[in-house]
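Next, two complexes with chain A in common: one pairs it with chain B, the other with chain C.
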Partner chain A sequence: MTALVKLLFLAASLSPAATLLVWDGALAWPLFGDVTLLFDLAPLSAFFLLLVALGAPLAAIPMLRDDAEWPTYALYALLLVGMQVLLLAGDFIGLFVGWEIMTWSSYLLLLRSPRTTLATAQSYILLNLLSAFALLGGILVYYSLTGGFAIQAVADLGPWQGLALIGPLALAFLIKVGTVPLHLWVPCSYDEAPDTFSAVLSALLSKMGIYGLILLLTLLPGGLAGGLSGGLGGLYGHLLDGPAAGYVLGWIGVITSIVATFKAIAQEDMKRLLAYSSIAQVGYITTAIGVGSSLAIGGALFHALVHTLIKLLLFTTIAGIVLRTGLRSFKDLGRLIYRMPISFFGVLIGIIGLAGMPPLPGFASKYLIFVSLIDARWLLLLAAMILSSTAAFLYCYRLIYAPFLGHANSPQARTATEAPWQYLVPEVVLMGLLVALGLFPGLGVRLFVDPVLTALGLTPLGSPSWGELATPYGGYDGVVVMAVFGGAFVVVTSLFFLLRGRMRQAASPYDLSYAGEVPDETTPLHYGAGMGRELRRIPLVAWILGHSTQGLYAGLVRQTQAAAGLLAGLYSGRPQVWILLAVLVFAAALTVQLLAGGI
Partner chain B sequence: MHYLLDIPAMIATSYVLGFLFYGFYRQYNARIQRRWGPSIFQNLYDNLKFLFKSETLSHGPMFFFGPMIIVSGAVTTVLFIPFLKDSIWLQGFSQHGNLILIIYLFVLGPLGNALAVGSSGNPFGVMGVTRGLTRLMGLEVPFFLGLALVMLQYETVSVHAIMAAQSSIGEWTLVTNPIAFLVILLPFIASMNAAPFDVVGAPQEVYAGPRVEFGGRFLGVLMTQNMMLSVGKLVLLVDLFLGGATNLFILIAKAFALFLLITSISAVFPRLKTEQAVDFFWKVPLGLGVVGVVATVWLQ
Partner chain C sequence: MALPLTPIWFIALPLLLAFLAPLWARLRLLLPLLFGAQVVLLALAAALVPAVRQAPLLETIVIAPPLGIHLHLDAVALLLVTLFHGAAALLALFVWLDEGVAHLRGPRPFVLLLLLVAGCDGMVLTGDLFNLYVFLEIAGVTAYALSALHRDRAGLEAGLKYVVIGSVAAVFFLFAVVLIYLQTGQLNIAAVAADFAAIPAPMQVLIGLSLLVGLGIKAELFPFNFWVPDIYQGSDPAVASLFSGVLVKAFLFVLFHLAFLLLADPRVAQVWLMGLGAATLLVAETVALRQPDLRRMLAYSSLGQIGLIALALGFTSEATTAGALFHMVNHTLAKLLLFLVAGLLIRRAASARLEALTGLGRQMPLAAGLFVLASLSVLGLPPLAGFASKLWILTGFAEAQVFWPIALILFGALLEAGYYFRWVKALYATGDAPVARGPAPAPARSAYLPLLLIAALLLLLGAAPFLLEADLVGAAQALLDRAATIEGVLGAQP
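Up next is the complex of A and B:
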């Protein structure tokens, strides 16, 4: 029975892939009046459906390990249905239905975790409901502008009408991608969700917000194809060589990634660190969408693909560590490299991708985004992005050092065994995909990115060969980089062995140069807990870490109360004061009108 | 066949120039401090001594692979930097790379080595790595901003194209875009691991630095990569700002001039703490960079 349920579940997890492969032609379903539900697979939605199709089964396999989890399985299947409806929808009604199914099924899945607190559940559902209501408001504005629900570019749009349309929709999607300060629900829910489900939250659900943001740009007259004269640029003018409104979105994205990166460095919990890192990475994508050029959208799509793979890999690996040790804090782990070698490689590949180091594909996507920023001449934005991108090295190093290197800090870390095969299979597949995509960024662009760009009316990036990522500013060849590095590694290692002399292994982990002392097991030798603490001595970082979003909202409350107190001061309890005020206001209004020549 | 000659030639050039430059550096510093100083070949002797040590202590496989990764990273970086202009020699694989890739390759090796440091289990080593990464976070922002000004000026990220655009002294980026050079100069000193930003690997700080656990041949390997990478960085700056070089002698002359400028600056300033250095980078060079962006990009 259990086996049958699991088999069914696995089949359900393959449903996005099946949809992607067999879907052809559009489906129209008359609903009421002249409203018709449209379902179609445009290249843009096909790209995001591909992410779901890749991620859904890989995230499902680790879930198979738990026994008698049929409610989880059912909710997960429902979540996949929701995402497919959302992506296939050719009109806003279908999109909204899919959005709601996705929100509620993921909320119920979040509640399946025993660790979920009331505050987390509340912040998750309330912010996501706010997102849904904003979406609904935007859809109504859209209906009043066009008289229909079908998703297509609005023919004629003034700046204020544009704001009325963009405002609520952007709010809805920015909540979903977790932009600061709307990210309140992200760290706690990614952290407290069931360990195997966090991967889905970070890798797939946040991408639906990205899909929405790109979709939003296509609604504007001229869409993305208009360049500076259409879309955001046409509505609100341009700044340097990019749309002025996109510049604002770009800064929103970059500030999100800077704040989230420093918060990530300060975390004590592995999953919470990954949650903040997700916010930061999706911030880069938001910035790229703000630029809106062919290079930038290409980079955004590529980064969405890479981030999906990386976060699936990292969350699954970390779930494996939590499963085997029962611990999730950096200070409790250590030296797992010998106990969980495959997991070590999983995290290693993951952080190389997160840090955007060549030759893995994280570099390719960041390269496209950097070049697009230079192309738009938005150099300050580029510098800010470099800040968060380089600061990410710190949390990446912490993510690999604290669990895997150094010294084991707990009995569980000393006796842990490698994660079960249900975790290792997706990890190995994802590592393979990441390495392949790093070797062949040109192929990735050709297969996944260029069809979308062509459909959006943008210039496709093109690639002369599988390995070469080409831009008008110059490119690089992933195969050559990997081959040169690999060749150098082989030659250097062989030469090292040819040198005379012998290697001696350290007698024990305590055989260290320790400032003249001889450490033993009582000496605190693991640096995992304290790493990053010294960053607080840098004024900017101290300022960021010293403020929290909750603090921001508390400050807003204080300011509101102070303003209300000022107003309350006017109510003195004596009627003659009110009458005096009324007379004064009346007199002032009369004077103004007189001066303006109204009477 | 061409590659078989070209690759060893590039590696040999960067190695030989590296130990000669650092030998000179020790002499120069000594003379400033009114000492005799060691011979100019002292760095070569030191390096060879380390490389031929009879015994080397290892802390496990990851510890062993770290130094291998860092040298491979240095070799890869050097091979992606074109040494000469208008020549088929000393080009390596630079046709397949670009400036942004090179900037990232610079940190590839040190990050690999950071794994080895962590694997050794010495908390002071990890402290050094954290310091290094913090400094990197500080210096990369103005450094990249300055380079972005150059990339924007020539509208390309290809080092070859940037080099080719500077055919006479009047067209050197140093002359046409001096503000970009000023922006990157101090972060560049830090990326060369020179005073006053050398708290990460300074001799007096070894016990709190990334190299604390490395001895014998490992130390030799780390020293080798440091010299090669430094030459690579100097050559890159010559390519970008001093118009490149058409033959090896011009290259040495220009790289040496740049090295002399950097050593002279670093000889007279006391060492900064990591957080002071980061704060400095985010105020002075970055502030200058913002001024540069406003002046050369916004107001045009």
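Up next is the complex of A and C:
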């Protein structure tokens, strides 16, 4: 029975892939009146469906290990259905239907974790519903402008109408993406969700917001194809060589990534760190969408692909560590490299990609985004992005150091074993995919990015060969870079092992003493735990770390509750008051109406 | 002898059955008959659909209108009558199959339930103001008795309060009827509507406001709905489901039916009705945020939905009206499900408090799942029925380029999510809070049958709202087309 359920579940997780391969032709489903759901697969949605098709089974395999009951499986299948409906939708109502199914099924999945608190659950569902209702509001504005729901460029749009259309839609998608200050729900839900499900939240759900943002640009007159005279640039003019409204979006993205990066460095919890890093990475993509040029959208798509792979890899690996040790905080772990070597390589590959370092594809995508910023001559943005991108090295380092190196800080970390195969299989597949994409960034561009760019009316990036990533500002050959890095790695590692044989281990980690005390095995000797504390001495960073949006939302909730309490006083439970109020309202209304009537 | 299929059976059959209640009690046929009667009437409604699609049915009793009394079955009345009997049938099935609600299984509730539905039918069908008053009192008095059925302190208090406020509402309504009769000398609604414009303007205002207050109290509009949470909390959840699902809908229909018929230009009432609807929506959704009692929370949520329906009906465009009627159907189904599930949960936990229900979803997964499903429908989330009707209303507003109700409805839905998901989270919580469990055993599996039926209906209507589209649009046209209604009753006017 259980085996059958699991088999069915696995089959369901392959459904996005099946849709992607098999889908041909359009499907229409009438609801009522002139509201008809249209389903069709455009290249842009096909790209995001590819992400889901890749991610869904890889995230599903670890779930097989959980002693999850069938509701979890059913909800996950429903979530996949929601995402497919969202991506296949050729009209806004279908998009909304998919969006909502995705929202509430993921919420119910979130509730299945015993760690989820009321505050987390409420912030998740309320902010996501705010996003959904803003989307619906924007859709209705679109309907009143065009008289239909089909997704296509609006013919004629004034600046104010544009604001009325873009405002709610952008709010909806930015909440889903988790930009500052709308990110409240992201860290806590990624952290408290079931460990295997966090990967889906970060890798797949946040990409739907990206899809929405790109879709939003195609709605404007001229769309992306219009270059500077179309889309955002056509509506609100341009700044330097990019659209002025996109500049605002660019700053939203960069501020998000800076804030989230510093927050990530200061986290004590592995999953929270990954959550903030996820916000930061999606922030880069938001910036690139703001630029809106061919290079930028190409970079955004490529980065979305890479980020999906990386976050699946990292969250799955971390889930494996949590599974084997039961611990999630940096200060409790350490020295797992000997006990969980494959996981170590998973995190290593993951952080190299996350930091955007060659030879992995994280570099290629970030390079495209950087070049697009240079191309738009938005150099201040570029500088800010490089700042956050460099600061990201710190949390990447922490992610590899604290769990795997140094000194084991808890009995669990000392006795842990390698993660089970259900975790290792996706990890190895993802590592392979990342390395392959690093080797052949040109192939990635040709296969995944260029068809979308062509369909959007942008010039495809093109690439002279599989390995080569080419831009007008120069490029690089992934095979060469990989060979150099691989060669260096092999040389250094073999030297290390050769020389180590002759080195005597001079000391154990406990051969030190301070203040007259000699540490023993129970003393924490792990500096990964306190890392990031010193950041608080830097003025701006200290300010960022010292503040959060939690107070704002808490205040909002308090005010609403107070209003509720005040109004509840009306429902007093005393019939004489009810009658008195009814008569008073009657008399007042009569007076007003008679006076207004001029009698 | 072939009995003619006429609308009179909607009222006559329940009355006949109710009078013979002692006989059925002796024969042990109460529960099957309660369910059977509703099913028969549902079938009758279905049989009448083709005829009503052609033209409204007029059933004259003894003398032709405007002097005599008549029943007027047009598309909207048929829709509501079908809804009432459908809801009552599902409730009767639940009472039949669920052994736990002992005090709803005797002869007294049998009579009261039948009379309540008959009264609601009468209100919707009658074409005569005085009969309307009579049916309003029938429905009212049975409702008072039903809420006091469970003779504990809370039930009796609720019944008494209901009597007090209900009488006040009846007085206002009767006052308006008397004034109308004095001014026009007519009691037939169509005839009154034809003559209403001739009444002096201040008198029109007085009549209109009396009607508004009288029916506003009954139809639970703010600021006349302060009684609602107390009554819903004190009554049995199954009875409350009938109040929220059937009784209020009937009063709401009467209010809007009279407003649309009497006023030649509905825009006069538009500002009042939409304003009251908006206030009801906003106030109820806000107050519900802090309710620690499940029944009170559902009562406030019901008020919010009523406000939404009133807001959409008050706009008097065809799309919003059709959407509002659809929303009535969906709200009835969803609230029926919510109250019945709440009844099961409350019985198990022996309390309706949030703390007592914490973690109950793990013990009663099916009940909790149904609660979530119905909540999603009330919130208007796809793919459930509540979404389709809300979307219909919203597109109606967007078509007319009126955006403040859209913002209000979406904001209300967000507030609604704030409290519904608080309860959902509580149901699935794994906290170590002390959980008091009553002695009540788990309900029989068969009791879930009607609940699953409702859930299936919600899913079906959400995925395929076009099934009802023609009927809803026809009903909206019937409700809005004043001239056709008057002409249908009185014949072509010179």
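By our rule, the second predicted complex is superposed on the first by the 513 of 599 C-alpha atoms of A that agree within 3 Å, B and C clash if a C-alpha of one lies under 4 Å from a C-alpha of the other, contacts with A are read in each partner's own complex, and residues count from 1 in each chain.
The definition used in the following text is that a contact is a pair of C-beta atoms (placed from the backbone, for glycine too) under 8 Å apart; a residue touches a chain by one contact, two chains touch by 3 or more.
Keep in mind the model is a prediction, meaning the values are calculated, not measured.
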Practice task
Once the structures are superposed on A, label A:L405 by its partner contacts, choosing first (chain B), second (chain C), both or neither.
Solution key: first
Practice task
With the two complexes superposed on chain A, say which partner A:M531 touches: chain B (first), chain C (second), both, or neither.
Solution key: first
Practice task
Using the touch criterion from the header, give the chain among chain B and chain C with more contacted residues in chain A.
Solution key: B
Exercise for the section: Would you sort A:Q593 into first (chain B), second (chain C), both or neither based on which partner it touches? Expected result: second
Practice task
With the two complexes superposed on chain A, say which partner A:I337 touches: chain B (first), chain C (second), both, or neither.
Solution key: first
Handout entry: chain B versus chain C as contact partner of A:G474, first or second or both or neither
Key = first
Handout entry: Interface residues of chain A shared between complexes with chain B and chain C
Key = none
Handout entry: chain B-touching residues of chain A, taken from the complex the two chains share
Key = 240, 335, 337-338, 348, 355-358, 363, 367, 370-371, 374, 377, 379-380, 382-383, 386-387, 390-391, 393-394, 397, 400-401, 404-407, 468, 471, 473-477, 480-481, 484-485, 488-489, 492-493, 496, 499-506, 509-515, 524-527, 531-532, 534-535, 537-540
Exercise for the section: Give every residue of chain A touching chain C within the complex, in rising order. Expected result: 30-33, 35, 71, 93, 96-97, 100-101, 103-104, 107-108, 111-112, 114, 116, 118, 121-122, 125-126, 129-130, 133, 136-137, 140-141, 143-144, 560-561, 563-565, 567-568, 570-573, 575, 577-579, 581-582, 585-586, 589-590, 593-594, 597, 599
Completion exercise
Contacts from chain C onto chain A in the complex sit at residues 161, 164-165, 168, 172, 201-202, 205-206, 209-210, 212-213, 217, 223-224, 226-227, 229-230, 283, 286-290, 319, 365, 372, 376, 381-383, 387-388, 391-392, 394-395, 397-399, 401, 403, 406-407, 410-411, 413-415, 417-418, 421-422, 424-426, 428-430, 465-466, 469
Problem - chain B residues within the chain A interface of the complex - result: 51-60, 62, 64, 68-69, 71-73, 75-76, 79-80, 93, 96-98, 100-101, 104-105, 107-108, 111, 114-115, 118-124, 126-127, 129-131, 133-134, 136-138, 140-142, 144-145, 148-149, 151-152, 155-158, 161, 207, 212-213, 216-217, 221, 274-275, 278-279, 282, 286, 289-290, 293, 297-298
